[in-house]
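Letters are used for the chains, namely A, B, C and D, taken in the order the chains are written, and counting of residues starts over at 1 for each.
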Amino acid sequence: MATIATPHIRSAIILISCPDQKGIITAVTDFVYRHQGNIIDLDEHVDFGSKTFFMRIEWDMEHFSLSDDELRAYFLRYIATPYQMEWTLHFSDQKPIISLFVSQYLHCLYDILSRCDSGEWDVKVPLIFSNHEVGRDIAARFGAEFHLMHITKENKREQEQKQIQLLREHNVELVVLTRYMQILSPEFITEFPNRIINIHHSLLPAFVGARPYHQAFERGVKIIGATSHYVTADLDAGPIIEQDNVKITHKDSIEDMIRKGRDVEKIILARAVRLHMQRKILVHGNKTVVFI
Amino acid sequence: MATIATPHIRSAIILISCPDQKGIITAVTDFVYRHQGNIIDLDEHVDFGSKTFFMRIEWDMEHFSLSDDELRAYFLRYIATPYQMEWTLHFSDQKPIISLFVSQYLHCLYDILSRCDSGEWDVKVPLIFSNHEVGRDIAARFGAEFHLMHITKENKREQEQKQIQLLREHNVELVVLTRYMQILSPEFITEFPNRIINIHHSLLPAFVGARPYHQAFERGVKIIGATSHYVTADLDAGPIIEQDNVKITHKDSIEDMIRKGRDVEKIILARAVRLHMQRKILVHGNKTVVFI
Amino acid sequence: MATIATPHIRSAIILISCPDQKGIITAVTDFVYRHQGNIIDLDEHVDFGSKTFFMRIEWDMEHFSLSDDELRAYFLRYIATPYQMEWTLHFSDQKPIISLFVSQYLHCLYDILSRCDSGEWDVKVPLIFSNHEVGRDIAARFGAEFHLMHITKENKREQEQKQIQLLREHNVELVVLTRYMQILSPEFITEFPNRIINIHHSLLPAFVGARPYHQAFERGVKIIGATSHYVTADLDAGPIIEQDNVKITHKDSIEDMIRKGRDVEKIILARAVRLHMQRKILVHGNKTVVFI
Amino acid sequence: MATIATPHIRSAIILISCPDQKGIITAVTDFVYRHQGNIIDLDEHVDFGSKTFFMRIEWDMEHFSLSDDELRAYFLRYIATPYQMEWTLHFSDQKPIISLFVSQYLHCLYDILSRCDSGEWDVKVPLIFSNHEVGRDIAARFGAEFHLMHITKENKREQEQKQIQLLREHNVELVVLTRYMQILSPEFITEFPNRIINIHHSLLPAFVGARPYHQAFERGVKIIGATSHYVTADLDAGPIIEQDNVKITHKDSIEDMIRKGRDVEKIILARAVRLHMQRKILVHGNKTVVFI
């Protein structure tokens, strides 16, 4: 992903959450500096309520004096452990592998496949799962395996186990629900903590659940929108990543709202997926810190 | 109001709601045409669910061949009655008279008073009611009577009766709640059907009730907003007129949300008040038709 | 197109421009009414500067008492001629045929092909022209003929003649430039008056010509955007159909602007193409009347 | 200003521009850390084209071990000088003093005076200058001295000298042009480098100069807007701080555009003034770095 902006650089990214205290920024930046890293980007945030410190730091690895393994080991020992950090380390040349789950509305699927196919995103999509046949043809045209899996109360556990196994085999790191009209089980969600992104077609928390455009039409709102969020066990209640909206008037029928909403949904889902892949999102409780 | 856009014209405006049937537009436009009226603006809308027809027509009165009284009588007899219309007739040279109700947050009050004072709006504001002392000074500076009325469970009925009497004496046609932190009684609301406009500091129906910015902060939304609506007996559930929003990030504290929200609130309330005064809003059930 | 909103109705649409005078709306609506047409949608606009009247009327043909040919003939004789109208007649069951011209940036191409392929649009795309090889594969996957045509100063006239011939053979009614980096000759444009839509990646009239994001970066603007417009002989100066924007900050590199701009471009181009196909646009001089 | 967000804290803010090199962030944060400062906010940015580093750091002074004078002296000696920094130091308890220049359009004047009067801003406005009489009354009501100064080619130099003297006497640090229809001389501008903020009623660089809404109407754009920027000797070409926009349609007359534009102008000007007073803006060449 980062190759788009800074094509020839291999960079390292560390995401940090830890109890707030003085000196963290100095400690982290000094670590990078002492090993000849040049900082490309640094963002930090303090949640004053919970006294939690968040940070994202990215630096150029070209002249960095540690190997990747040394980096991981030294940072753990000298920085992460003393400051009680939760942290993750990423490198810009890791190609993300994602899987798409879809039902009968395909606009988000087309959009993400197009971004990967055109080279806008440097991302691999090996697997598409659906409970409807309709996406098979487009999956084939974009070179992804298509798995039709009808889900019933009886077979849900078994079907999800098959999905998990395939996702593991293909080293999928992120599951994207591109308008997938099935509720994932808590077991499935636990397999991919903060690694399942959904698009809900309302400005959450308004219009939770089924048929949000119909609900919006009934209420007579003048703004509709879409929300991308991480999936948790609570339906439509996970940490929100991005939201956007479009104005409507009394002239807009439910069909018009669905049509206008589609364009918001696909853009706002793509933005969330990109932010995740660029390691710009930290989850804290039921909220996100997004370093745009 | 309309004088701003078309300074030297005296126009008539008719707002219509009636059961949909063929021929209404022809009947209405022909009525205007036959009496030498030149149509300035025509908007119509059909609600297909309830088969209801809505229309706003405005025409130049300069060469119109009927007097205002004849216009009213003839339109009633030949058009409104046969088509079972609910309708209202307005003239662009009627100066609207409005009253403001406010508590301790004054940004909407300042904004509306400034619009009237500067001549942006050609509107009279004779009366300001408040349950807090803080607005008295600004009311005085803008030449409006300021009535401090503390409201308790015990005196509410009595205080509202005083308010209603003063509003009647001053021929107030529209009550604007510029962040008024009191719930009006159903009796008060019945006095001014579709003639009380409120601003709620959320994108309704999200975050109904008290402290919506605090609720929004807790939920971790990325968009906040404001909603102007007609007041009905159901709290924050009346017909929505306008909504607008502003994006926020994890960096925004509740205080930041309040600050950013203020600017949206005052603009979106002013837009709703202006639309009402320009006779551009029709209420249908719990929705509005707004001919922008 | 209209079938999305009102699936089972065959409707007629008339677009009208004529000198303003009293009685036009009555005449047109009466024509529809007398022949048993039920008006679905009516929009009108008067340009007071040039005293020009614009109208779009759409009605249900189910019980209409005239054949399509009678409709055309009678309207011409009894309405259009007396009122000196320029007018066009359309039916909602005509399937639009469009052609796409593209260079090396493919996001708008993917987007429009996806809309047609998924059934979001009921539109045919038989022909894609390009001066680059890169789009051939995607064209094939979506079932469109791909014509690679290198354009030089010497062969331009000849190449364009081939294009015009192919467009005629396939009854293409609308040419869409989905980021086509070639200037069309005045002769080509004359073949398709108000029937070529371009997307320019700036908020025109800012940043005309080449590399608008680079220009925007140099100037340090905080908003970038895109403009869809009809193509005329003056570069980037034709009638504007739609514009939309996205905010940027000092953190956004030119590459970020290109990335953010892409999403605006594809949405705003699609909206313009859809509005054209729904017969919602009238051109007047160098401006558009868009009945949204 | 900062007291709104963090009411009881006295904080120090340093703004830095310098040649980019490794170790700057570590040096600055370590300086704060070693003297017991707790960092509240840190933002940094690198302009890769010019290899310039920008930083804003704000910390709580409560337990800081240096006096204000020591802070200034030590930072200069140990940090600013070695790293060749341009830098400024501010404290959150300095009450900003601003002056407003206005002509006949008063909406921005009302808006800023209301923000100061209501306590939304903790800012002093001792002086208002105008070349029109119309603002005198509102100035009086808000307790500001009003200076009517007609400007002609002959007296311009003299009048501006009087203005400069008054501004100095009142320790005005920021001049805000709230729709001031006079061009300031280069001499005046030199007195207040990056300390004069103007609002221009277009999305610059579109529609430079006089009557931008008229220009926008002629061109037939679908989006209008406003731009707040620092004033430089080049008309409407100074560093842009904020821009916002509003959509328009063919229905909007020039008067409608002026009306819709007013609301954008006053909000976007207020945002820029607030950002300046919160020390969130750095100027670099003809651009701004705005740490929102």
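Assume a residue touches a chain if its C-beta (ideal position, glycine included) is under 8 Å from a C-beta of that chain, and two chains touch if they have at least 3 such contacts.
Here the structure is a predicted model, which is why all the values come from computation and not from measurement.
Comparing the residue numbers each copy contributes, subunit B and subunit C share more than half of them at their mutual interface.
The chain with its Cα centre farthest from the Cα centre of subunit D is C.
Rounded to whole angstrom units, the spacing between the C-alpha centres of subunit C and subunit D is 42.
Each chain gets a centre from the mean of its Cα atoms; for subunit A and subunit C, those two points are 35 Å apart. With touch defined as above, residues shared between interfaces to two or more other chains in subunit D number as follows: 251, 253, 292. Those residues of subunit B that touch subunit A in the shared complex are 45, 47-48, 203-207, 219-223, 225, 239-245, 247, 249-251, 253, 286-290, 292. Across the interface of their complex, subunit B is touched by residues 22-23, 25-26, 29-30, 33, 36-40, 42, 44, 46 of subunit C. In the complex of the two chains, the subunit A residues touching subunit C come out as 4-5, 106-107, 110-111, 114, 117-118, 120, 138, 141-142, 251, 253, 255-256, 259, 262-263, 267, 270, 292.
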